[in-house]
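So the structure is just underneath, and the comments pick up after that.
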Amino acid sequence: MERLKVGVLGATGMVGQNYICLLDNHPWFEVAYVAASPRSAGKSYREAVQGRWLMPQPIPSAVEALTVEDANKVDAAQGRCELLFSAVEVDKGTVGALEEAYAEAGFPVVSNNSAHRATPDVPMMIPEVNWRHSELIPVQRKERGWQRGLIAVKPNCSIQSYVAPLFALKEAGYPIASVVVTTLQAVSGAGFPGPASLQLIDNVIPFIGGEEEKSEQEPLRILGDCVEGRVRPESVLKISAHCNRVPVIDGHLACVSLTFADRRPSLEEILDIWRAFTSEPQRLKLPSAPVPPLVYLEEVDRPQPRLDRDRDRGMAVTLGRLRPCHVGHVRFVGLSHNTIRGAAGGAILMAELLKAQGYLGAA
Amino acid sequence: MERLKVGVLGATGMVGQNYICLLDNHPWFEVAYVAASPRSAGKSYREAVQGRWLMPQPIPSAVEALTVEDANKVDAAQGRCELLFSAVEVDKGTVGALEEAYAEAGFPVVSNNSAHRATPDVPMMIPEVNWRHSELIPVQRKERGWQRGLIAVKPNCSIQSYVAPLFALKEAGYPIASVVVTTLQAVSGAGFPGPASLQLIDNVIPFIGGEEEKSEQEPLRILGDCVEGRVRPESVLKISAHCNRVPVIDGHLACVSLTFADRRPSLEEILDIWRAFTSEPQRLKLPSAPVPPLVYLEEVDRPQPRLDRDRDRGMAVTLGRLRPCHVGHVRFVGLSHNTIRGAAGGAILMAELLKAQGYLGAA
Amino acid sequence: MERLKVGVLGATGMVGQNYICLLDNHPWFEVAYVAASPRSAGKSYREAVQGRWLMPQPIPSAVEALTVEDANKVDAAQGRCELLFSAVEVDKGTVGALEEAYAEAGFPVVSNNSAHRATPDVPMMIPEVNWRHSELIPVQRKERGWQRGLIAVKPNCSIQSYVAPLFALKEAGYPIASVVVTTLQAVSGAGFPGPASLQLIDNVIPFIGGEEEKSEQEPLRILGDCVEGRVRPESVLKISAHCNRVPVIDGHLACVSLTFADRRPSLEEILDIWRAFTSEPQRLKLPSAPVPPLVYLEEVDRPQPRLDRDRDRGMAVTLGRLRPCHVGHVRFVGLSHNTIRGAAGGAILMAELLKAQGYLGAA
Amino acid sequence: MERLKVGVLGATGMVGQNYICLLDNHPWFEVAYVAASPRSAGKSYREAVQGRWLMPQPIPSAVEALTVEDANKVDAAQGRCELLFSAVEVDKGTVGALEEAYAEAGFPVVSNNSAHRATPDVPMMIPEVNWRHSELIPVQRKERGWQRGLIAVKPNCSIQSYVAPLFALKEAGYPIASVVVTTLQAVSGAGFPGPASLQLIDNVIPFIGGEEEKSEQEPLRILGDCVEGRVRPESVLKISAHCNRVPVIDGHLACVSLTFADRRPSLEEILDIWRAFTSEPQRLKLPSAPVPPLVYLEEVDRPQPRLDRDRDRGMAVTLGRLRPCHVGHVRFVGLSHNTIRGAAGGAILMAELLKAQGYLGAA
């Protein structure tokens, strides 16, 4: 199979670098185009990331010699790639408009940015949870008059460790009424430079700007149903999130206390549901799909970020410590790799889904 | 005023070292007796802690030349001190029996150990919250036939950052129905050596053995009333605790979501209650009492362990981030210094209270 | 004694905040004037540092209400203070000119900045080592036509842990030919924000821009003699420095291997020299002078940053691990607190020295 | 090719776990036998490591069901494997005798332990440096009357980052007279539990027991020549080592200052030598041999432990910061992964070398 040529917008930033590494030797996609800010334009990718390459592996050889283009010049991408990953790190308004310009010009755009997470005709997806929300794409194309272009976005990294296990329970017939979640989030979630060493040596910070709102609201949209071309958000569930920054490189941990809406499964039933859980990405055998998507760890003190974040190439969600709750019904701990599952890896999986669903082509 | 001669049992361990430092230049108490395990007995205190002194200040000169006695030899303390702080770090059963032997021999014993936290006639106290529980002491003395001896204990370090603010609300007429609390706890809470660097560099551990049970149950006893010589635990409140170990030296942080039992104060009322809160240790002007006991920080990202744990010599509880909760009623963050307020400092404050209340003398 | 009114230029930055804290309740100096960049000017100090106060203690009450002035407006300081500490954090050229403007206007300026460290008529001082270099001040005043103004500077923080012990040996008749020093430096040495958490969790960085040159050259000037109004740098000694950044908040550690120039003392003699070492700040009983200035620790694994940096209010240099060297003659480890002894504290001690030497007044 | 059945002694400890992971899917070797202390004997490997599995990957499925044998029962290994890796973590005397008993019983033993590092007829090897020292094996077998058994050991992990680059220079005709090296060593080098979090959060420790002696002496033996059945240690070189423990999980960094014995190459020549360096493991295409063995990084602030330790599966030595030295001739920084190249990985490479050299069979 010939690989689809893809481009990365914002390729020199931290999320962009993650894309470059995760797409190295990808079976379906091949990085053929990199774009960034005007000051990087014209340099080779190697030159452009000189002194700010943050990955623990060398720059993939297939990319280092590519010339970086100006991400603002939409036309430059024409004929060079057929899919764009957007990892542009500027203000939301600018990114949102830029992504629309690329989609208008015929490019499918899969984005990490929060600009379009609340845009009514844009699907925000965790492929294992709401793969059906890609139904919005025909609506989007029709409303906007796009033939080949589209915008699809991934949600915030903080929610990946608890939305899929909640969904598994809901799908099994146990809808959830409320969730109190406290997250312990890694520094890479803040991009580079993010929190200073001065702030996090011998310390934690009980606040991340804007994160609690995203952690509370985005799951409701993802867990909602597509009805008449719009997402009807989950209306029963209420979420209260407390987000902390901790001195961990990668891996967001969530301590969850939940209350079921009506029927209440036993702990054994919950474990059975999680262990049996599989979903559309697994059925479609998407290259980046973790198998299984949820991994329950028996040890009393797991999951832990450093030990478990890389499970299944950083794409699996690890769970542990399921036990009763004295206030809600049950408690558990979830973990996901924020820069893989929660960012570039999750977006790549979403692109694989869109390809398998037939959306990477003309309407 | 002549200072009371006091002894420290388990003086060479980490909590014992904290006592030695905090009692240096104490206005009421003077360390005159140190005891530890038989292998330290006979050495000078300096020799006994050689190579395992963990405090960031030198050994106080008034203590370094004291000869360490065998803590198992109760008689050795006779005539040498009039109050004992117990920081013995062996199994609960042994510690509990040893503390009883010292009390039987006429010594008031103030303990950090968990052995007697559930013993019906032993008060477990946070002086600002349940100073009245010292009423158990006459009962204890009568039941056990002790004239001068007594046992009083401090609760677990993990609860210090949320029990006092909950109590302040309850006292102001707003009893609380439920609390979901997630703690981010410092490594010093595990004693020495505690968690290995291999376990906590680039990591957090979502489990501390036995800690969640203590964090859920001990507050109920402390918030209860003394009735007919026994504590009747708080019966309305339910607590769900999730305890995490984080790479912080000192300072336990708590993310709290609470629901009021009936009436619900506004955020402004809560702030007013906390700011106005004062209690018996402050009224008695005890030397170690923080003034005020609760400090609310306005900054959006506080309290933080490294920046706020030392407030008022490590004795104040700092609070922040009061805001509504989508599941319970309100949320906040609390912080207390676990080895000062939560251990030796809290026990010293309790001893000061007992002295001011007249319990450090014959019945 | 009435306290001298002093001002802090760059008062809102990290070093400036250190000055504000260290000068709180200083017996000789009183902060009466704070200046910073134009964007802070006009605000109260409290407002100006809102959200970027980095100290583990609250803003001193004597300073929080002071109005921040524009540091570029030299005239604003007239009549408000008689001594200025410069902690301005902009480019060297600008700082150097600004400090000259203040001195020209009659202010003694004691600076942390590197702008004037190589200026021939400006003394760069470690008070215990080259207190005599203040002899440059009359030369400076004469050459520049200044009556009351002066500029004196402190050296780089990286050299504080090894220059004083080397000086003590030289003074005792054992000049040194070569030093190979490897430093492990704290993040606070880089100012705020300094290295990102992403760079230093589970990591060290074997490079600090410009630091090795300063660590090699500045000691030569400090150890030199004042001859005919100029410093003649130490000509025998050669220094090779390797500077590393490590995840430590405060405290620069130096691993030193040295070769004597001619005579070679025994290890016992070296210890005796260090233990007996005292100097001009101690003789003058300057308020910030550590007594003794050098503290040798017997434990095999000391000094350590977290345990020893605060010795004598962060002003003492702690030493340890003196032993023979297979390549040079002897090896040892030195430690000093980089933001106290190595920055604001060292500058305050220098100001105390200048006052005691009579330089804080007209020529 | 059929894989050789191998056993791991001390398989449940930290180094043992590293062997189990590194040998998973090894092209030449297959783990068929695991042994540990008597208290693990009889359990499945999975049970035996329950609660103390420290690797960031799951237990390899080929090993988890193996029954752990008692490492003290030499006979139990007969017929089950043909090569033993020794990672036993008890006292040197016991390990040394145990390894001899296995060799006596006919097993080739490749060891991480320091027991036999100074035994005259035992080769201590870094395969790229002294592959010829396996010449000692026939001597060993003859002296001890062993037919198939042998003992070969790897050196200390602290020296791996500087011995190979020194050897490359010596081989190119530039022998070295002296080395002053300061190491910044990871916590995994101390085994589990190693340094407590209480000791290394916001701290470094300038001492590692016994490490400086090993770092100074072992290189001399490795760089020596085999003459008449004995190693004649390198006699020109003198090494002075200062070893520090830093809060890094894996990766020992060395800051090196060296002086050449006679001729002195230019910096360009040194770079050319290192870049061109290849050796016997590369010529023999051993499966674990890094290609190239030395990787020079151009960036001014590299190598760094977290970013560079995993280069070439953790087997490459990364170098950087080559520059002149004011005391010696040149300076550089070296890094190697201490638990891979410096422990299990280095031992596996040595076993591959011995197999390729024909020593894994009867004499």
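A, B, C and D are the chain letters, set down in written order, and residue numbers restart from 1 in every chain.
Assume a contact is a pair of C-beta atoms (placed from the backbone, for glycine too) under 8 Å apart; a residue touches a chain by one contact, two chains touch by 3 or more.
The structure displayed is predicted, hence computed values, not measured ones.
Q: What's the fewest number of moves from chain A to chain C, given that each move must go to a chain touching the current one?
A: So the least number of steps between the two chains is 1.
Q: How many Å are there between the centre of chain A and the centre of chain B, using C-alpha atoms for each centre?
A: 43
Q: Give, as an integer number of Å, the spacing between the C-alpha centres of chain D and chain B.
A: For chain B versus chain D, the centre distance works out to 48 Å.
Q: Which integer distance in Å separates the CA centroid of chain B from that of chain C?
A: 40
Q: Enumerate the residues of chain D that touch no fewer than two other chains.
A: Each of 54, 201-202, 247-249, 306-307 in chain D touches at least two other chains.
Q: Looking at which chains touch, is this a line, ring, star, complete or other?
A: Here the contact pattern is complete, since every chain touches every other one.
Q: Quick one: in the complex, what on chain D touches chain B?
A: 54, 187-188, 192-202, 247-249
Q: For chain D, which residues count as touching chain C in their complex?
A: 178-180, 182, 184, 201-207, 209, 216, 238-240, 242, 244, 246-249, 253, 255, 257, 300-307, 320-321, 325-328, 331, 333
Q: Under the touch definition given earlier, write down the residues of chain B that touch chain C in their complex.
A: Those residues of chain B that touch chain C are 51, 54, 56-57, 201-202, 249, 299, 306-308, 310.
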